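Going in written order, the chains are labelled A, B and C, and every chain counts its residues from 1.
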């Protein structure tokens, strides 16, 4: 029986002013301290008693966490404290990574987007995270600061299980860098919730396509799926179909079917496994059709 | 002085959409709700200890560690308060005594100087349980295979219109036997037989339940509560504590939404219980949203087996409706939902042969209480979809079928009562016109299916036969009027409408009337409860009477002073005028000080105070076996709703293109408020149709938060909603008015279900009509691949 | 229990407050500053009844630690009307009938005020999206959206 606290349980608030200080503190208080920026996931879990902490460590005073910059060689860097609204409305992101803005815009409500962050979404490792798929298909790399200093962790190897990542005690994720996307790419995020908007995803489909000389079809696609597997899931077999065969409606359907076959959703309070599988197929097909239409112009 | 030859007459506030008299405070944040009242440093915080089991015996409770924690001022358990209470059937105690009957059932409570200490103390209360087999389905619960949840049902006190079956889990069995359905079936050309299941839902007031209680050294209690029922709470809690009603004072500030959840007594008794153990200290308890979802009132679930038949021409001949209500752990309130569901089980249709069994069953689920609609939404969900199917079978267009069978004045109803004049047929016409219902329209895009659905409803105020209202009206030296009443402003606009009525009945501008709030049982006149859509009608009658009484006192005094006849006098715009002599006097001062006699020979009149009291006298009992009686209810409000929708083929998602909702309100005292009620009720109904469900698994609510209990948000209501209401006067309503508070949420599920059927050919077993259910049903039916 | 001393501006007034470190901004506003216009509907960031402006942007104050707010500028519903004069939006929501029980109203007004500041002429879809995080159970949103539209004109 969940019987949450009215407010937050007793805890201490710590705001380190340097990454070195932050990592040291987190390492010394392993298991009872956690970094936060918006807190929209952590606070709920603390109230529920699912998460027990003595310290909340505010990252908003650390170096590099507010950065939001685009470099035509390096790509896009988003700091850990940059909220979803900023991502959804940033001119560089809108120009170079429009589907990331689209995914960020789909999160929850305007109020929550003023607190929720892309990095927070990633660190919570929820299979339902809306922006994770885009970051994955773009080959995002996390800049992590730990007790041994900085290191880079590609997103593709970051997630272990729902709520579990490769982060170690003392680690603070400082920013994510998304490489410059392939030339001519088109992407979209299709999210299915219970209400028209504003819900968690029952199924979330990120699709990206771009011209590619390496692919027999002339194009490569990336397909990432949310809420249908323990971790955000890339449908590699479906991607292969699209890079191998000349792209037609039938091939798109085949790819969508492949994505459907590849996922292992569960029955949960939000939706059944059966419905999710079909929605993966239908939303993937819809997303692929939309992307292909723009690519093939 | 006004020139009486060209009389300036106050715009009659009756029928005027005046601005509400409570909104300035609400938009500036100065409106006071219960959690806003400041109690100072002495305030204690309460936390309940709750059962983690759906059904278990309590073997042992040890509160010693909790009591020893510094900062704890009181710990109470069930053994301290063994009295059973209940609005109808007295089956519940403030805390579980010998056994727990649902997850969240309060077993004990603590009061401490801070929330943190209260939570720690609650965790220190040790309770030993012995788990029992649980009941999670109403039909199973009613069978002889089910374990008994209330073995002492035979000892409970109940009024003579409730029929519990001791030795079973059935706490009420209401029957209608009208005509002879068995003889009628063979005469039916078309019959539809279906089972419908309506899940539990919760009211979701944005303000959760809250109560603060304080007992003084003499044993008198003051209770501040977000409440629809200050007087009923006074009555029931006094009964629970063995104190007299006058020693319990309930103060009820503005309510942030009720919808029935804040009627009767639920968590309010807990801080009162704690207060008795720490005299002088105010104890506050406020439910978390999660507790609001699963520990307090919910709307009971319903399984309904509906069989309905008509002749070749489409006249309804017979209805058999067997309803099993999943009442939950206590049905003190729910037994009347069962009854109301039963006596109105025919819907607003003229059906000569009816067999209804409306059975209230105990289960180990959250407690079913009063919920907007009081059984009608659940009942109509089944009935009006069955009728939809029957009309199709009979090959008769839906609107014609509804109008052919809709009740008209003079019809004999299921209980034998005669129906009054009503605007049902006009409501149907209005909705049909608004949606161009007979026109089959193409979807707006090839990936969607389109359909229209319509359903009707009715509801009577469900209350004891002697539920009363009273009011007083007084004036001040400045000529302003104050109305004393006992009904609650829960958002429906009653304070405004009562001020309009008092103004009209007295003869003053609406703007000069105030309501004596917050309602305080120490000073406010008695009002049964703010439920049942009864205030406009019942309290309105009392207010009108009180204002008319005040007016009479004023006119009698002035008539004596001016030596004129009362018939020649009037009060217009706050000024007493004589149409005969053309004299005038404003109300200022004379309403307090009276008027002097001539030649200093004394005084006439005195402080004006009007009184009004209204209680229906004519409601009769109903036969226990047949449900027949001369007058089951005071009156019915009827109505109709329709939707024009599309269903996405690829996801099953519903898009509403347009909706219409029409109700016969008798007289719209404030038209914009009436429309606001209809809009809000429709949306709540749509939300219950599309999204809402308490997902219960072996007694556990698996979605006790907004994350997974979804309700309608602003983007979901992105379609035109028309509200062409109708006015066929209520013979004993103030200016002909009757209530419409609950009704707009009643037919929405059926109307949507019918629209989905029209679009897809799919009829689901029950709401919520989620995208998933619709998609998978279309898939299985081969409508999509 | 650890405390932080914070200095912040609330409705144009500078306040210095000692707050327990687990206290939310909502609790601080209501309990320490006695500004009870902002409401608690869920304590989980879902209903929006607790919405305030923090440095010009609407946030669910139940999801912000008071301790985080040192140096912040907060506006609550009490800070909208100046000198007793209601804002256009407050007038509009009264006129349109968008207030029934009033419990969602403070949060709704804050969200809508912020919307109109960043987008003077929002479309119907944009209005609804801006208040998707403000739940109302009484009005069905119809007249609230109307009021925002009327004000935007």
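By our rule, a contact is a pair of C-beta atoms (placed from the backbone, for glycine too) under 8 Å apart; a residue touches a chain by one contact, two chains touch by 3 or more.
This one's a predicted model, so the numbers in the text were calculated from it and none came from an experiment.
Student: Find the two chains joined by the most C-beta pairs in contact, please.
Tutor: B-C
Student: Relative to chain A, which chain's C-alpha centre is the most remote?
Tutor: B
Student: How many angstrom between the C-alpha centroids of chain C and chain B?
Tutor: Centre-to-centre distance between chain B and chain C: 30 Å.
Student: Just give me the whole-number Å value for how far the CA centre of chain A lies from that of chain B.
Tutor: 44
Student: Check each residue of chain B and list the ones that touch at least two other chains.
Tutor: In chain B, the residues touching two or more other chains are 116, 288, 707, 712-713, 715, 718.
Student: For chain A, give me the residues that contact two or more of the other chains.
Tutor: Answer for chain A, listing residues that touch two or more other chains: 4, 6-7, 9-10, 195, 197-198.
Student: Can you list the chain C residues in contact with two or more other chains?
Tutor: Residues 1, 43-44, 129, 132-134 of chain C touch two or more partner chains.
Student: Would you tell me which residues of chain B are touching chain C in their complex?
Tutor: Those in contact with chain C are residues 19-20, 22-33, 35-36, 38, 116, 203-208, 254-259, 288-289, 490-493, 672-673, 675-676, 679-684, 705-707, 711-715, 717-718, 721.
Student: Where on chain C is chain B touching in the complex?
Tutor: Touch list, chain C to chain B: 1, 30, 34-44, 46-47, 49, 76-78, 80-81, 86, 90, 93-95, 97, 99-106, 109, 124-125, 127-129, 131-145.
Student: Applying the document's contact rule, which stretches of chain A touch chain B when the two form their complex?
Tutor: Checking each residue of chain A against chain B gives 1-7, 9-10, 192, 194-200, 202, 269-272, 274-275, 278-279, 282-283, 286.
Student: Can you list the residues on chain B that touch chain A in the complex?
Tutor: Touch list, chain B to chain A: 50, 52, 103-104, 115-116, 119, 286, 288, 290-291, 650-651, 653, 691, 695, 700, 702-704, 707-708, 710, 712-713, 715-716, 718, 770-772, 775-776, 779.
Student: With touch defined as at the start, can you tell me which chain A residues reach chain C in the complex?
Tutor: Going by the criterion above, the answer is residues 4, 6-13, 15, 38-40, 43-44, 47, 56, 58, 60, 85, 108-112, 114-115, 195, 197-198.
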